[in-house]
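Below, chain A partners chain B and then partners chain C, in two separate complexes.
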Partner chain A sequence: MDESTLLSIQNLEVNFYTQRGVVRAVRDISFDIKKGETLALVGESGCGKSVTAHSINQLIPMPPGKIDNGQIFFEGQDLLKLSERKIRKLRGERISMIFQEPMTSLNPVFKVGEQIADVFLTHQKITKQEAWDRALKLLELVKIPAPESRIDSYPHQLSGGMRQRVMIAMALASPEPGLMIADEPTTALDVTIQAQILDLLADLKKEISMSVLLITHDMGVVAETADRVVVMYAGRKVEEAGVFDIFEKPSHPYTLGLLNSLPSNKKYRGAKRLEAIHGTVPDLLTIGDWCPFENRCPFAVDECRNSFPEETSIAAGHSTWCHRVDDVIKERNKT
Partner chain B sequence: MDTLLEVKDLKTHFTLPTKKIAGPKPVLKAVDDVSFNVLEGEILGVVGESGCGKSTLGRTVLRLENKTAGSVLYEGRDVFELNNTEIQHLRTQMQMVFQDPYSSLNPRKKISSLLSQPLRIHTTLSPAERREKIDSIMEEIGLNPRYTNRFPHQFSGGQRQRIGIARALTLDPEFIICDEAVSALDVSVQAQILNLLLDLQDRHSLTYLFIAHDLGVVEFISSRIMVMYLGKMVEFAEKEELVAHHAHPYTKTLFAAFPTTDPHARETKEKVVMGDVPSPINPPTGCHFHPRCPHAMDICKEEYPELREISPGHFAACHLLK
Partner chain C sequence: MKTENNDKDMNLERTADRMPPVGKTLDVPDEPTFFQESIHQLKRNKGAIAGLVVIALFLAVGIFAPYVSPHDPLEQVIEMRKSPPFTEGYLLGTDDLGRDMLSRLIFGARISMIIGVVSVGIAMFFGLLIGVVSGYYGGWFDKIVMRIIDIMLAFPYVLLTIVIVAILGASLTNAMIAIGISQIPRYVRLVRASVLAEKEADYVIAERSIGASNFELMFGSILPNCLAPISVQATLGVGEAILSSAALSFLGLGAQPPTPEWGLMIASSREFITSAWWIVTFPGIATLFAVLGFNLFGDGLRDILDPKLRD
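Up next, the complex of A and B:
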């Protein structure tokens, strides 16, 4: 493995064994995150992006969930082979996480200062006073106004944006944060607050060399923050590219459709209708081994119903998984 | 175009419970002195962040909330002066589509029963005629009429939102309020529903009041846009005018904060956003936006700026714009 790679997921397969049958949540997902890079995992609800991310620090409820195949290398060691004790040590120390709903992910009965200090006390041998001082420094770092008084607040006394800042502070409560997994970090926030949180994350990344795995459904957030993008659909990776290529040269019909679904897309200035993707996402209980986008894809042919396509490399760092990729690119270049 | 709905100086205030025995009770001014009109056949977009009063505005227009002051004139008649029979008749003309397609459909009722209820209450159609009507509406919104035997949980979010729209359509209304009607949906489904709403508008010459927090959606669908902040209307203009020449600092903030889909733009993007949305219970004095406004002056702290027409049809409430 490359020196610059921090995390490498290889052939990950996660299934949920439910009463109704096997839900094939994540199928054959592989990608790398380099040091200092922001990778966005994009897709709509149920596409497996959260399950993929939760597999990294093994937060998938097992049972019913089960990681049936694959490896997740973090700095060279396979996380899936580690004992629970070692994983616990990594969580919070090297791999941290922020969630969509900051109210439910903070403990309502402890002051935010205590919750941040707890992270320090769990992972390091320091005094409570030191932990408290460091918590205060972190609140300053995440630009909470009047941190000296805010440190004594309970989560309900803070606004949604403030709570998300506290979550980010907790994620940074480590001497060397390695990877931050941000699961829809701004989805529950108002757009002006979202802009502030995205700015903060960008600033922090400049200050601390940290990798971010950003999980989002919002292409706008991707455009503002990501370096590289992995597009997922119904448990499969369908396209991977640098952020500019994803927006300028989308080469999978789903990525194309996703961008066309955005009303803010520049091509819709003065337009009467959007170019929507028809149909609905297939049921992951009954999904077959062929291309999952086949039933909604305007390019689909019989071949698409027979097998899942092999990787097609379009340029360095830009790959897509589509049988009809040549026609897709031709069609894209027309408009 | 004729005016369909006219809202004049509308105020919807809520008195909040308090633990204090004496003294004034806190008042939440959800909608405070808002005036506008909706033209026949247009889509008027209302945009703002959570707590700005946009949903309360929609509900008050339908008389689902009581007004505190002002008037709502629908085709010239004040909605709040109608008696029960008259308001019931008016309800057939004004309908609402809600945000959450999960909680807005009764989980214990089949789709056929959900859709026939408005017809049973408001019309004298026979059961067979009702069924026919429902089948035609189901087809119109893109669902197989066979599905009317199903329960809401058997549908996906997008399909449920279609059913919510079908329910609003059963009585052939003229005016529909869409309260965050596409916010809970995935982008690809959101695009389908937006197209559906536009198709229906063409076919039935509907008028929409389209309430949403997503500037991209509002900008796409609306013909005119109203921007709200903490119960007040801060700017109002034709869409093209607002997009090109938004004048109020809050509108500018909204546009700046809205993520673009151009990754190149992040380098040049200015950071103009600051602070949190203050509590609507005790909004800042003067202009509600002054604590977050980069151009705040002394007068902004004392006096609420009047809404001025800064160019034909373009209104904004800001002391800077004189």
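Up next, the complex of A and C:
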């Protein structure tokens, strides 16, 4: 494996064994994250992007979840082969997370300072006072106004944006942050606060040089922050490209649909009404082995209902998984 | 705050003149802490205040029993036996063996407080432990525990206590253990229910993602969030434990003579109820007030700790 690669997921398959049957949440997902890179995992709700991310530090509930296949290499070691103890050490020490709901992701009965200091105390042998001082420094780093008094606040006394800053501070409290998994970090926030949080993340990334796995369904957020994009649909990876290629040369019908349903994309501004992708996501309980987008795809032919397509490489670092990729590109270039 | 001079910061600087510098002089109004808020609520709840005063009184009397009691509770002055209240030197009179009623009640308070605290302590320790583990892990352990709890709850409370004392042998210590054991099921159920609700919370996943172990999650993160209903239950439990120990002692299964235990005092003097009413009445009144105090405070605590009842 390449020296510059921090995380490499290969052929990941995650299933949930429920009473109604097997839910095939993630199927054959592979991607790499380089050091210092921001990779966006894009897709609609329930497409398996969160499950993929939670598989990395093994936070998916097991049972009913089970990682049935694949490898997740983090700095060369396969995380899926590590003991629970070693995984726990990695969580928070090298791999940290921020969550979608800042309102509920902080423990309501402890001061935010205590919660940040706790991360230090979990992973390092330092005194409580030192941990507290470092917590204060982190609150300054994430630009919380009046950190000296905010450190004594309880979560319910803070606004959503401030809580998300506290969450970010907690994620940064690791001794050597390597990878930050940001699970829809801005979804629950106002648009103005969203921009502030994204700016903050970008600043911090420059300062600390860590990699970010950004999970989102917001193409605006992708455009603003990501270096590379993996588009997921119904548990499958359908397209992977650099952030410019995704917006300029989308080569999968689903990516195309996603961009067409954006209100303010320059290239597609001609349309008067927003275009929705018709139909619904297939039920992951009964999903077959063919292309999952087949029932909603304007390009679908019989072949699409027989097999899942092979990888088609369009350019360096740009791949798509579609039987009709040539027609898709032709159609795209018309508009 | 030092930032690089790029375009965005230049824009910010223009508005920054009119705003207080962030992080330095910006005043954040002090919000009341949870404790201050609770005190404020407590002050408005007269029942809880009354309960707290009664509890404090009994606790103080119990702790300083040797200093505040006028006589030795076990000293018998045969010539003074069955003196009525307000006899010189014996404010509440004496019992059938000439022992000072007031001193015996004061030492009884000490014993009752110890019984209340120790039994509830035993019940809470095991109840919390079993309840948290059962709720957190679920599975077969939870199933077995809950069935055992169901069986324990199928016994009438007093009967269960009597059975346990009968097995252990009649003594005050064993009565405390028995009361503690019989109170375990309610804590297990209460804690398990709270843990089941809390363990799905986002903050639990968040804390797991920063490397917290199962033990830390159970007792460091989840349990503190379940403490409000538990503390209410514990306060009410103390009152009930005092009542139960009085009942056990009354039946001869708890404290043994000549211990000045309230229930035992009632039991050993019930034949004088017509001839010397004070010997049997005062321990009863003491028990009544102690239990009432804990119940009032417990109810008040429920109102204080439940944010839904706050205005």
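By our rule, the second predicted complex is superposed on the first by the 329 of 335 C-alpha atoms of A that agree within 3 Å, B and C clash if a C-alpha of one lies under 4 Å from a C-alpha of the other, contacts with A are read in each partner's own complex, and residues count from 1 in each chain.
In the analysis below, a residue touches a chain if its C-beta (ideal position, glycine included) is under 8 Å from a C-beta of that chain, and two chains touch if they have at least 3 such contacts.
As the structure is a prediction and not an experimental result, all values here were calculated from the model.
Looking at the shared chain after the overlay, A:Pro250 reaches neither chain B nor chain C.
By the document's definition of touching, of the two partners only chain B reaches A:Thr192; chain C does not.
In the superposed model, A:Gly65 lies in contact with neither chain B nor chain C. Contacts of A:Ala276 after superposition on the shared chain: chain B is touched, whereas chain C is not. Of the two partner chains, chain C is the only one that A:Ala146 touches; chain B does not reach it.
Shared-chain residue A:Pro309: touches no atom of chain B or chain C.
Contacts of A:Ser45 after superposition on the shared chain: chain B is touched, whereas chain C is not. Those residues of chain C lying in contact with chain A across their complex are 1, 22-23, 26-28, 30-31, 34, 201-203, 205-213, 216, 221, 224-225, 227.
Residues 57, 59, 88-93, 96-97, 99, 101, 104-110, 118-119, 122-123, 140, 143-147, 149-150, 153-154, 157, 167, 170-171, 173-174 of chain A are the ones touching chain C in the complex. Of all residues in chain A, only 44-45, 159, 161-162, 190-196, 198-199, 217-226, 243-244, 247, 257-266, 268, 271-278, 280-281 touch chain B in the complex they form. Put simply, chain B touches chain A in their complex at residues 49-50, 156-159, 186-192, 194-195, 198, 213-217, 219-221, 253-254, 256-266, 269, 271, 273-274, 276-277.
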